[in-house]
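What follows is a single structure, written as structure tokens, with notes after it.
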Amino acid sequence: MNREYNSDEMMTIAASRALSNSDVCFVGIGAPSAACNIARMTHAPDITLIYESGTIGTAPNILPLSIGDGELCETAITTVAVPEMFRYWLQGGRITIGFLGAAQLDKFGNINTTVIGDYGNPKTRLPGGGGAPEIASSANQIYITMKQSLRGMVEKIDFFTSFGHGQGNENRKDINISTLGPSLLITDLAMWKPDPVTKEFTVFSIHEGVSKDMIQDSCGWNVKYFKDLKITKSPTEIELKTLRELKERTKKANLAQDNR
Amino acid sequence: MNREYNSDEMMTIAASRALSNSDVCFVGIGAPSAACNIARMTHAPDITLIYESGTIGTAPNILPLSIGDGELCETAITTVAVPEMFRYWLQGGRITIGFLGAAQLDKFGNINTTVIGDYGNPKTRLPGGGGAPEIASSANQIYITMKQSLRGMVEKIDFFTSFGHGQGNENRKDINISTLGPSLLITDLAMWKPDPVTKEFTVFSIHEGVSKDMIQDSCGWNVKYFKDLKITKSPTEIELKTLRELKERTKKANLAQDNR
Amino acid sequence: MAEFISLKEGVSKTLNKGDTVCFEGFTHLIPHASAHEVVRQKIDDLTIIRMTPDVIYDQLIGMGLVKKMIFSYAGNPGVGLLRRFRDSVEKGWPNKIEIEEHSHSAMAHAYEAGAAGLPCAIFRGYMGAELKKVNSNIKKIECPFTGEELTAVPSLKPDVAFIHAQKADKKGNVLIEGILGVQKEAVLASKKSLVTVEEIVDTLDCHPNATVLPDWTISFISHVPGGAHPSYARGYYKRDNACYIEWDKIASNRETFREWMEENVLKVDAEVFKSRVEKLREDRYE
Amino acid sequence: MAEFISLKEGVSKTLNKGDTVCFEGFTHLIPHASAHEVVRQKIDDLTIIRMTPDVIYDQLIGMGLVKKMIFSYAGNPGVGLLRRFRDSVEKGWPNKIEIEEHSHSAMAHAYEAGAAGLPCAIFRGYMGAELKKVNSNIKKIECPFTGEELTAVPSLKPDVAFIHAQKADKKGNVLIEGILGVQKEAVLASKKSLVTVEEIVDTLDCHPNATVLPDWTISFISHVPGGAHPSYARGYYKRDNACYIEWDKIASNRETFREWMEENVLKVDAEVFKSRVEKLREDRYE
């Protein structure tokens, strides 16, 4: 197997490592979905994955294209109606980790997936929040994963789709949110966690082969680093193999449909 | 078959006649349950019977002892959880007739099944309201069935478990209840419906062979009669046969368990 | 993650003196074995919650373990009144329990709100009904859009929920089928839970939308075949209606009640339930 | 009581110009055939509701039939943005639709409240989120017991709900299995409903707790095999992911969009759906 890997693969694998067997994970589609399933297929076989379509304890063999693909239901422990999902399972406080992506993110973990420009007169109308506004406050912690870009990681987001640490410090407590909020950011270049006081996302681990310049050049805010900065270990053979086989199976399954 | 019948049989059969194929009936246990099932087994095969245990469209072959007997689930179109039953089905306004019994009843159809005597220091503590308080306001109409007695049909009930027409007249509208409330009372002696103005239960049909004295002697309020008073037709052969066979099957099924 | 445990140990690890506890079941799947174990362990000062307190609540009250009961219908289903409950409320024997009384709709909404992590439930209820005069946990709330006056009750969040279910798989996922009652809500609303099951199987292998409680929502699972008797477990055994009718006689007298409890609860253990349902097994009638 | 009817007649009897309507489906069982029939009948001035408006809402908007949309996530699932929705909101083509935007949790609670006959839903939501600044249908409400500030939204009560389901029995009881979405709530919350089904069977013969809508909760049932395509129907055919990816290209341009609609919607009828799923039938892969 080719042990060379790209930054996307590094991102997904680094994110997967942050999950454990005892987590109950509310999974967003895209990068979060891949990371969660790699975790399940490698070191955390007992992790509980929940998709907002109502599928609880799902174990897909291929990556779903949407949050409601058939594979999710077929492999789930049970599938509940969507109102129950949001009421009993998310709002009920049963989720340990809400795993989100972002179109725009600021350094306090606030996310915008609603609109670029003015809400009433948008430059780009994005899909909107979906489950995110309540995932952000009901899940015990939030992990965020996204590729770095100046367009994505910005000083000021255009719209507060979901609340991270707000203006930082104790802002969450100030508005009576009792959950931890964004506690981990995994990009294609580094791992970030909030500064214990200011709550500003701060790099604690740089992926192998990445420079500080690369991180700053693709981030719209002034990047800070923890003192005991680490290097993220590159993907192991088993991690890479699992990820690539998963992507291959997924591609094949989709092709099977296309070639009709 | 013996065409002689008792007043209990008359009551059940008279009650069953008031139901139609298009009714969606929330069924209380005891007399209401027998009446509803006789209707289903005779002239209203398509009637929908709902028990508060969550069984929708049930068609038991024997009478259940409780509201949650296995027979109800086995013969139902579907069985939902109890919260859904009260939320989507009762409160959702889908019930055409709520069929209740009563320990104490007043002439305005107000029902007491909570307590005889003072609530805090009761003479007899009864089971309580169960579903009745909301059946009384959410079902489109309420049918009540009970055997007449001076203890049961009283001028003043000790506790308002469920609201009928309150103090009469437009009292329901006054407290913003939009459903019709008690619209039929079937006793072992007569059929009653509310006076169009005062809402006082008034006899419109006397069961065959019953005298006005018999009705008054077992009723705690001053009985009134509609002008065009009718005679309730005695049970037909098919009605009696259906009721007796149902009771026989029920007895047999229970004996089968007892003789173990 | 659910831990498999004996009922005796499970009860002692789960329930403490003074706890708020529900033993839910709506005619079907009533956790009799668990309640009897609580009686044997004499865990008292309890606040007991149930929509339809019946025989086991009569027993807990009669044995003096109860401080308060939150309920909506206290009857022996299809038979009549609860004698021990009445004796407590009417005559204060063995102690006068405090009661918080609701309607079914209120309790169902309150369990739902508990499962949904909310502090209260709103519904259209108690219109013209007198309970709201004697229960301060029934309040008004106004719809901010229509101005309609609705009713609010606090959500139910017991310390412990006991339920009985048909099956658990080896991982601890629990399946409930048939009349579902409020058991799922009760478990999700409670801090801790113990589920007794008829059977432990390799995999549940059930309908994709069947009511399954994942293992991580449950504290303890005990294998107690027959544990619902004289209630029933769909697919396993029928309701023992005769026992319910008999209970009316047993409970009518303090002496016969105590004797019955001595013989049938205190002197035995959870194992007896298996034999009690032997002759009610469904295959006998099908 | 549900009436069996052709889709064409059913749509014309159910939906009127100016109505508030939802075509629900959460990735699974999306009622494409019904939406296309609405397009053919040019019923306009609609307020369309959906948690996850996707391709069919893009189509309704692009065809100029929509006045307002109430929603929580407007995307092409797994693919990207909705081009026709964007063109309307950003450039006003063919008209600028009004939007009322919520979160999923808010919409789910609002459908539930609609089904439960309540005027509003309360939940713990939008904490720190900006939507409540731009949507006046998000209000505060205080728990009368704890004082906690909760959020209220008006319940959803559409004039008409369109859904697609696996089966109806001959009486008109409808079975939904797999990913259930909010379809049951949507039907129960709506004044009228039309259900397209894959199959009509003698009896549903299903699990006792399966999601069944009794015949008397439904206005019309139409037999439209394949009626969810390119969405899927569990047990019948798989999701046509390629179509969703293709839609991104088709919808990116006003001209290609109009042409596609002309060829694939306006010039055909509901019969075509059957053939569209022929090669996606599940047995091909199992």
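For reference, chains read A, B, C and D in written order, and residue numbers begin at 1 within each chain.
In this text, contacts are C-beta pairs under 8 Å (C-beta built on N, C-alpha and C of every residue); 3 or more make two chains touch, one makes a residue touch a chain.
Quick caveat: nothing in here was measured; it's all calculated off a predicted structure.
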{"item": "Higher-contact pair (C-beta pairs counted), B-C versus B-D", "value": "B-C"}
{"item": "Gap in Å, rounded to a whole number, between the CA centres of chain C and chain A", "value": "40"}
{"item": "Geometric centre distance via CA averages, chain C-chain B, whole Å", "value": "28"}
{"item": "Of all residues in chain D, the ones touching two or more other chains", "value": "112, 116-118, 123-124, 148, 178, 180, 185, 208-211, 234"}
{"item": "Chain B: positions in contact with at least two other chains", "value": "73, 79-80, 87, 91, 138"}
{"item": "Every chain pair in contact, whichever chains are involved", "value": "A-C, A-D, B-C, B-D, C-D"}
{"item": "Residues on chain D engaged by chain A in the complex (per definition of touch)", "value": "26-28, 51-52, 71-75, 77-79, 81-82, 85-86, 89-90, 101, 103-105, 108-109, 111-112, 123-131, 134, 148-149, 178-182, 184-185, 211, 232, 234, 238-242, 244, 279-280, 285"}
{"item": "Touch list for chain D against partner chain C, complex", "value": "116-120, 122-124, 137, 139-141, 143-146, 148, 150, 152, 154, 177-178, 180, 206-211, 234"}
{"item": "Chain A - residues contacting chain C, complex", "value": "22, 24, 48, 56-57, 73-74, 76-80, 87-88, 91-94, 138"}
{"item": "Contacting residues of chain D [partner chain B, same complex]", "value": "1, 112, 115-118, 173, 185, 188, 204, 208-212, 214, 216-217"}
{"item": "Interface residues, chain A side, partner chain D - complex", "value": "29, 52-55, 64-70, 72-73, 79-83, 85-87, 90-91, 114, 119-120, 122-134, 136-138, 159-163, 166, 172, 175-177, 254, 256-258, 260"}
